[in-house]
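Order of writing sets the chain letters: A, B, C, D, E and F. Residues in each chain are counted from 1.
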Amino acid sequence: MADETSLYELGMAHHQEVWGAQYKRPSVYEQLDPDLYRFVIETAHGRVLSRPGLDLKTRELLIVATLTTLGRERELRTHVNGALNVGATREEIVEVVFQMGIYAGFPAMRMLAGVAAEVFGERGIELHGAGDQ
Amino acid sequence: MADETSLYELGMAHHQEVWGAQYKRPSVYEQLDPDLYRFVIETAHGRVLSRPGLDLKTRELLIVATLTTLGRERELRTHVNGALNVGATREEIVEVVFQMGIYAGFPAMRMLAGVAAEVFGERGIELHGAGDQ
Amino acid sequence: MADETSLYELGMAHHQEVWGAQYKRPSVYEQLDPDLYRFVIETAHGRVLSRPGLDLKTRELLIVATLTTLGRERELRTHVNGALNVGATREEIVEVVFQMGIYAGFPAMRMLAGVAAEVFGERGIELHGAGDQ
Amino acid sequence: MADETSLYELGMAHHQEVWGAQYKRPSVYEQLDPDLYRFVIETAHGRVLSRPGLDLKTRELLIVATLTTLGRERELRTHVNGALNVGATREEIVEVVFQMGIYAGFPAMRMLAGVAAEVFGERGIELHGAGDQ
Amino acid sequence: MADETSLYELGMAHHQEVWGAQYKRPSVYEQLDPDLYRFVIETAHGRVLSRPGLDLKTRELLIVATLTTLGRERELRTHVNGALNVGATREEIVEVVFQMGIYAGFPAMRMLAGVAAEVFGERGIELHGAGDQ
Amino acid sequence: MADETSLYELGMAHHQEVWGAQYKRPSVYEQLDPDLYRFVIETAHGRVLSRPGLDLKTRELLIVATLTTLGRERELRTHVNGALNVGATREEIVEVVFQMGIYAGFPAMRMLAGVAAEVFGERGIELHGAGDQ
């Protein structure tokens, strides 16, 4: 198994692959404590999200579902972007919105719908928006 | 059982009855996807909230309790207004505040207290506010 | 304002009114610590649930909504019984079931549906149960 | 848009496709109220989960993530089975387990790990189980 | 056992000991209802947090863990300050941040990290912040 | 920083220190996947819980608070035992019970009270249990 130096490199490579230039440093983690930043990069990005066995798009959609359920809006914005960055389509995100309504409730669906509409707007992804025709 | 056209009409009638002119369109749902908007109106408003067997005021108070528990502040504001619109009194809302402290914890109670104080202020409902005399 | 002796009596009277003979002592609270038991009776039952301004049935339905959202199944059984004890009907409980599906999600609705079916069975309340006709 | 009769048929077809003979009736929903059963089949299965735009396997994995986050163990068992029924592999489920540790916390990961181990055992899917070699 | 007048005084003394001059009145509780304010001071501060048997620092750290898990950011800021006011060190808060990542998930850890970084900044507590060296 | 071999050893030493002979193997993690077991030992036990800067007793009490809030009863039993194993007293656990009532709500407090009463019983720790005298 990889030692920690390579977990850090693996984690940074994962981070770069999902967010690239969108990522602004210093993150709050490294502001607070350099060890905390290493912990996140090595553990979340290097040790878990870089594992083979599940593609990056499915991983990001699963994270979107989890964050919507937990009600964590700020991280949700990051990962709706992440999902789109690794190949999720507008249509797939909208399907996750519908499905969250059933499994986490309509208030959760409302949060994801709002975040998705904002992110689509920022990225110039066309919204239907023509009202209920 | 009603077909979908009438579920939509039923849903819009429920929405109009609870919020009327307070409701601003386009909602985030219709901005994101017209199907999503239909889904919400037909399912939540037309199919569930319009059912007989429970009065609108009790329904809105139950939604207030659920949203307080979930920590969904934006929707909570909508439904504290909704509850007042369909006949809940200042006193009843304050009773829900107390009760949430016991069942969902004081941080949840604090959220509802803050939202209620804001909504009462916007609607010109007198706050006690004279401090602990 | 009432002193603590009367809060305890007020609380026990509330408890008796909602559950009466259904209530088995010693509760886990008094097993663990007599002070904890007093705290629950005086605070939840004496100080909050006994307040005027909201009827007992609405209070129990709000507790059912909160416990369903939180996923606390054991207490949910207690309060579905409590709601029925203070006048809620089978139909009203079923309406809360539907509504929880929208606001807390279908898995929460499923928990309440299961608990309600059990409690109705124990109390000899007729279930429809004839399948989807 | 489909009328309700076809939503019911669409929903039952989805249900049959995911669980087939594993599904035992009467469900708790139809025991409690035939309308509630129709509501679940038509809304969750007919109206949302049958939508094109996201494959069944991804849908089930998203449900697994949501139920793990919510701590709903009974439904989780149903949907770990559902995911495997529509093509998820042992390896993919294990990847979801790891990922839930990061996003919903290790206690959530522990719940999913326990359910997955049970379901794999019941289905004769080989567990590693040889300990930490 | 103490009567309510002394519970109020006990509660105010606890409040003063933890926050002192940081506390701004009127709080939202007293704005909404003087009884609600008394309820909070007497129950939370007078009856529970003033009990002997657990030191104030441990109590505040436990509250920080609970609020982080619940995702209540505003109250979290109050209690990170409270913990520091009664003797918690920067290092201890950072340890709680790490530990929340494991038990409540990395999105919860992220919330606490952000709040801690802000509070440390406001109080002039040195942040590492030099990045991952 | 330690390499992974020593993280594993550090983690096992932490585990041994908190639970010792109470710990039954194989755990569900190693049954499911040896990598998952390593991940838990190295990350939770080796990398976080073994850090200096917070004593083991405070760490276990914080975990008890988090698990109570999340409603994870099985892990709660493990960590009430863990807290007692590393020096928490009956009185301190009871104080956490009271405090959870305020911050996570009385249903959460009820869960912890029930688990604590069971664990105290199993360990021969005297319960008051004489009722409200």
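The rule we apply is simple: contacts are C-beta pairs under 8 Å (C-beta built on N, C-alpha and C of every residue); 3 or more make two chains touch, one makes a residue touch a chain.
Just so we're clear, the structure is a prediction, and the values are computed from it rather than from any experiment.
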item: Each chain counted as touching subunit B and subunit C at once; value: A, D, E, F
item: Chain pair showing more contacts of the two, C-D and E-F; value: E-F
item: Whole-Å gap separating subunit D and subunit E, where each centre is the average of the chain's CA atoms; value: 39
item: For subunit C paired with subunit F, centre-to-centre distance based on mean C-alpha positions, whole Å; value: 30
item: Subunit C-subunit E separation of Cα centroids, rounded to whole Å; value: 31
item: Geometric centre distance via CA averages, subunit D-subunit A, whole Å; value: 22
item: Interface hub residues of subunit D, defined as touching at least two other chains; value: 38-39, 43-44, 48, 66-67, 70-71, 94, 98, 101-108
item: Graph class of chain-chain contacts, one of line, ring, star, complete, other; value: complete
item: Subunit C residues within the subunit F interface of the complex; value: 25-26, 28-34, 36-41, 44, 66-67, 70-72, 74-75
item: Subunit D - residues contacting subunit A, complex; value: 43-44, 48-49, 51, 53-54, 58-59, 61-63, 65-67, 69-70, 91-92, 94-96, 98-104
item: Of all residues in subunit A, those that touch subunit C in their complex; value: 102-108
item: Residues of subunit A that touch subunit B when the two form their complex; value: 71, 94, 97-98, 101, 105-108, 110-111, 113-114, 116-117, 120, 127-133
item: Subunit B residues within the subunit D interface of the complex; value: 1-4, 38-39, 43, 47-48
